[in-house]
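Below you will find the structure I want to go over with you.
Chain IDs A, B and C follow the sequence of writing; residue 1 opens each chain.
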Amino acid sequence: MATETTAEGCEACPAHHAGNLIKLGVNMSNWDYVVALAGNPNTGKSTVFNALTGLRQHTGNWPGKTVVRAEGGFSFGGGRYKLVDLPGTYSLLSTSLDEEVARDFILFGQPDVTVIVVDATRLERNLNLVLQVLEIRDRAVVCLNLMDEAKRHGLQIDDRRLARDLGVPVVPAAARQGEGIPLLIETLAQVATGQVVCKPHRLKNETPAMRKAIDRLVAKIESVYPDLPNIRWVALRLLEGDKRIIEAVRTGELGDLSRGTPGDPGTLSEVTR
Amino acid sequence: MADPVTALVVAFALVAIVAFLFWPHRGYYWRAQRVRRLGGRALLEDALKHLYNFEYRSQPASVESLGGALEVSQNEAADLLVRAEERGLVKVEGAVIRLTPIGRSYALRIIRVHRLYEHYLSEETGVTEEDWHRLAEEREHDLDDADVDQLAFEMGNPAYDPHGDPIPTVDGEIAPQRGVPLSEAEVGTPVTVVHVEDEPEAVYAQIVAEGLQPGVRLDLIEITPERVRFWANGTECTLAPMIASNVAVVSSTGPVEDEEDEFQDTLAVLRPGESGEVVRISRRCRGLARRRLMDLGILPGTEILAEMISPSGDPTAYRVRGATVALRKEQALQIQINRTLEAH
Amino acid sequence: MSAENRGEEILSEAAAVRWEAGPNFHDSLMETIYTDASQVADRAVSRTDEQPRFDLDRTIDRLVTSRWLGFPMMLAILTVVFWLTIEGANLPSGMLATLLIDNIHTTLKAGSAELGIPWWLDGFLLDGVYLAMAWVIAVMLPPMAIFFPIFTLLEDFGYLPRVAFNLDNLFRKSGAHGKQALTMSMGFGCNAAAIVSTRVIDSPRERLIAIVTNNFALCNGRWPTQILVASIFIGGLAPQHMAGLVSAGAVVGIAVLGILLTFVVSWALSNTILKGEASAFSLELPPYRPPRVLQTIYTSIIDRTLIVLWRAVIFAVPAGAVIWLSSNIIVGDASLAEHFINFTHPFGLLLGLNGVILLAYVVAIPANEIVVPTILMLTVLSAKMAGMGEGAGVMFELDSETTTAAIFQAGGWTLLTAVNLMLFSLIHNPCSTTIYTIWKETRSAKWTTISALLPVGMGFVVCFLVAQVWRLLM
């Protein structure tokens, strides 16, 4: 099955995960790329979503506003992008209801690009989620939102430095004023089409015991599913006893993630471009 | 139209009757239900559990111990044993009572349910530790196999319950008991609690009052026939040897870094404008509650500034890593800090 | 090798490694992530000046959460929002009623008479279905179109989390979650929307408490009843110049009673069937943001008002049909409605209400907005008042409060009936939209039933006690 897999081909091809997305309730018939929108609660994620899609989803200034997944779309440079707004979460590791929705989509939905909206005034706290997402997904763009507020609070953020440290593009924005949105669209399109290649940051400061445990489990998973894109993260979740991941391992659903090459009858549906 | 006095009297009479029948826990209906349940399967299952626990600790069980544990008379205990023997669950040879293999696997199943449920209560609900055992005692008899497997799956198949007791697997495998009783541990070497016996309730309450639970580190000061003295949670504690024997410990070897050994201020002492640096989150804070605090960036070394108190007295808002987060007092009490002197 | 076998192999390895990793794995992992995060953030962030000259956020926060001003400010804001809604909705409501009921309905009736449509079809469609819909729109649209944007502006500004912060201690003592303050405030707009918003509460136990007690937040659909009854009966007690204030006070009193009941019932639930300690609570207080007025008004009208209105209309249409049918199907010597009224009347009297009100509440389960018109119609029907009303099964509302009062008096109403109607309007089952939403959110027949029956049971008890004590004392 690996015969048709090229360096880029698999991840970039819109059809490779269509089956999984349809399972997650995403209608894919008119879209070329899927973009997931993740972020902490109250970072203006819904505002970014509205700015990107032109929709008027209600936004509110209290944490946990988006409680369901909203969807919209836009076209850019000939590509049609489907945007999925995930519930705002602080983390993907605490297994509460909203986190599961976000986590399932990022892992099993395999979006072409994951945009992580972060609050520039609370960068450190927000990076928690960014680093977790980068453990799962390679193709990501960080949208450094609320730059206007950061400025008002006397904060200066070196977005280039941040991009270099994180290994993914960082776009400063003030979504309420519409600033930075065109650049965000352009950047995420470049990542989606593979013009920009990400080298995401991976965790460096594990304790020796953790590293030993992770390495041992990673070796085991690798021997069973050599093509799995996010082995390390799966190992982390298994070590924490995450029931959804255990279930996915048990049923073999996890294996599907590594097998989703074009031509696989299991995942290629009648989706055509 | 009805006379108001008559109407009110009738209504109060009705309310009184309903209250008598359905008052939570003490109402006639609940009591009747409990008696009915105890009369049947539940009592039998409790008896098997008792026999199993004695067997696990290599102590001989007797009709007396059984009667005492189940709070029934010795005659009733003897009747119960006869019933259990008829069903091939136990074998009584003179004064020796032994579980048959069927009886043992039955007992293990009940223990599995009990410990899984305790684990569930400690991780997923806000129920305090004093209530875990009692609630699990009630629920263990009415969860069926499918419920139990589902529960185990939801919890990620935990290996130990919150008291440090091993949870039997579906196939009835169980890890051997670890550690020695605290009353027999070696003075001078640091030890870590691996298990706390949750029965009888009065003894357990004393252990809880000293803050002892699996994972807590102790330094034994002295053991005499009258008392066991030790340092734990930053204070000196004393327990009667009988009570200390319900705590199992192993000598701790690992680094001392994550022990709760010295006296700490908690976040709750900070007044608005004061700040502190987090030392650790107490072990009493578990499950989702603990993970949530860490998600917010409350970790050892984090600088926290108290900002304002709610006009109703609780919660307090703290500045954590650039964000303002309100926490209730009971959570603040679980976050141990070192005060920072200079005000921000 | 099958997928299952391969899976089991990984899982058993994971189980073995979990022992080695130790019990604090999650703690270490989070520390690892945050260590990296703070390194990255430190390199990227620098402060231009140490302290901003004037920290507006903290100043506002000190004010709205201050010991002395916090609660009075909340009450004042609540009153102003109510007042704006009530006052502002009066005129457009009247205009809509004139348009939809006086003009369009009359035209439609005339048109159907011309076409020779049989009376039963014409009555069923125009007097039943159409009128119910028209009433719901006329009564509900204006207050919602005012309330939701104001509420949304407060929300955008960042005030709501401060309300939750202020009230949390009371909710904690009731064994509930502080964020229930947010969902309760939503309930003043619409209970169904508020039920959905309870998703912000993590713990299932506390979420259920929030769901069951949400009905005690007086929703938009119930205000018209409160306002009308209060102004006729309670305002009427006061001297002319004080009447408006007194009746507004009565309505706020009922709303505050609802808040008290929220605490009491939350406490009772968390000590009985929903027993448990309050779970971990963390509430982020976001920075204040200047709200963008125009966009907020636009989105909240599109998003909330119209959606809620549409749902109400859908549920009101069958109710209108039932009202018309029940007053026009004659069994024996009277219509179904009259049979029901006569049958339940003694029970209604026991509760200090009457058969008409009980029937009105039964048919108004789909939408509380139609309670008042239904009561008027049924009162005229059952009292057989000549020259009043528009015919059997035709809902109507009267422009003048004096005429309305006359109808009430003919129906045997007293001050007690009015007080109990206001109480019952607060404490009765949620509307069917809300019940359906509860079912959708909880997927539990048990909790849906409890949420529906607990308030109505309480309503009966409260009304009964008030009625009997009233009669004893008066």
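As a convention for this text, contacts are C-beta pairs under 8 Å (C-beta built on N, C-alpha and C of every residue); 3 or more make two chains touch, one makes a residue touch a chain.
Model, not experiment: these values are computed from the prediction.
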{"item": "Most centrally placed chain, judged by C-alpha centres", "value": "C"}
{"item": "Pair joined by the larger number of C-beta contacts - A-C, A-B", "value": "A-C"}
{"item": "Chain centre separation in whole Å, for chain B relative to chain A (CA means)", "value": "39"}
{"item": "Chain A and chain C: spacing of chain centres that average the CA atoms, whole Å", "value": "38"}
{"item": "Multi-chain contact sites of chain C, meaning residues that touch two or more partners", "value": "18, 26, 30-31, 34, 202, 283-284, 286"}
{"item": "Where chain B touches two or more other chains at once, by residue number", "value": "157, 288, 291-292, 294-297, 323"}
{"item": "Of all residues in chain A, the ones touching two or more other chains", "value": "93, 96, 121, 123-125, 128, 240-241, 246"}
{"item": "Chain C residues touching chain A - in the complex, by the definition given at the top", "value": "2-4, 6-11, 13-14, 17-18, 20-22, 25-26, 28-41, 43-52, 152, 155-158, 160-161, 179, 182, 196-197, 199-200, 202, 283-284, 286-289, 291-292, 295, 298-300, 302-304"}
{"item": "Residues of chain C that touch chain B when the two form their complex", "value": "15, 18-19, 23-24, 26-27, 30-31, 34, 58, 61-62, 65-68, 70-71, 165-170, 172, 178, 202-203, 205, 271-272, 276-286, 349-350, 464-465, 467-469, 471-472"}
{"item": "Chain B to chain A touching residues, read off their complex", "value": "153-158, 288, 291-292, 294-297, 320-323"}
{"item": "For the chain A and chain B complex, residues of the former touching the latter", "value": "90-91, 93-96, 121-125, 128, 240-243, 246-247"}
{"item": "In the complex with chain C, residue positions of chain A that touch it", "value": "41-42, 56-64, 67-68, 93, 96-98, 121, 123-125, 127-128, 130-132, 149, 152-159, 161-162, 165-166, 176, 201, 203-207, 209-210, 212-213, 216-217, 220-221, 224-225, 235-236, 238-241, 246, 249-252, 254-255"}
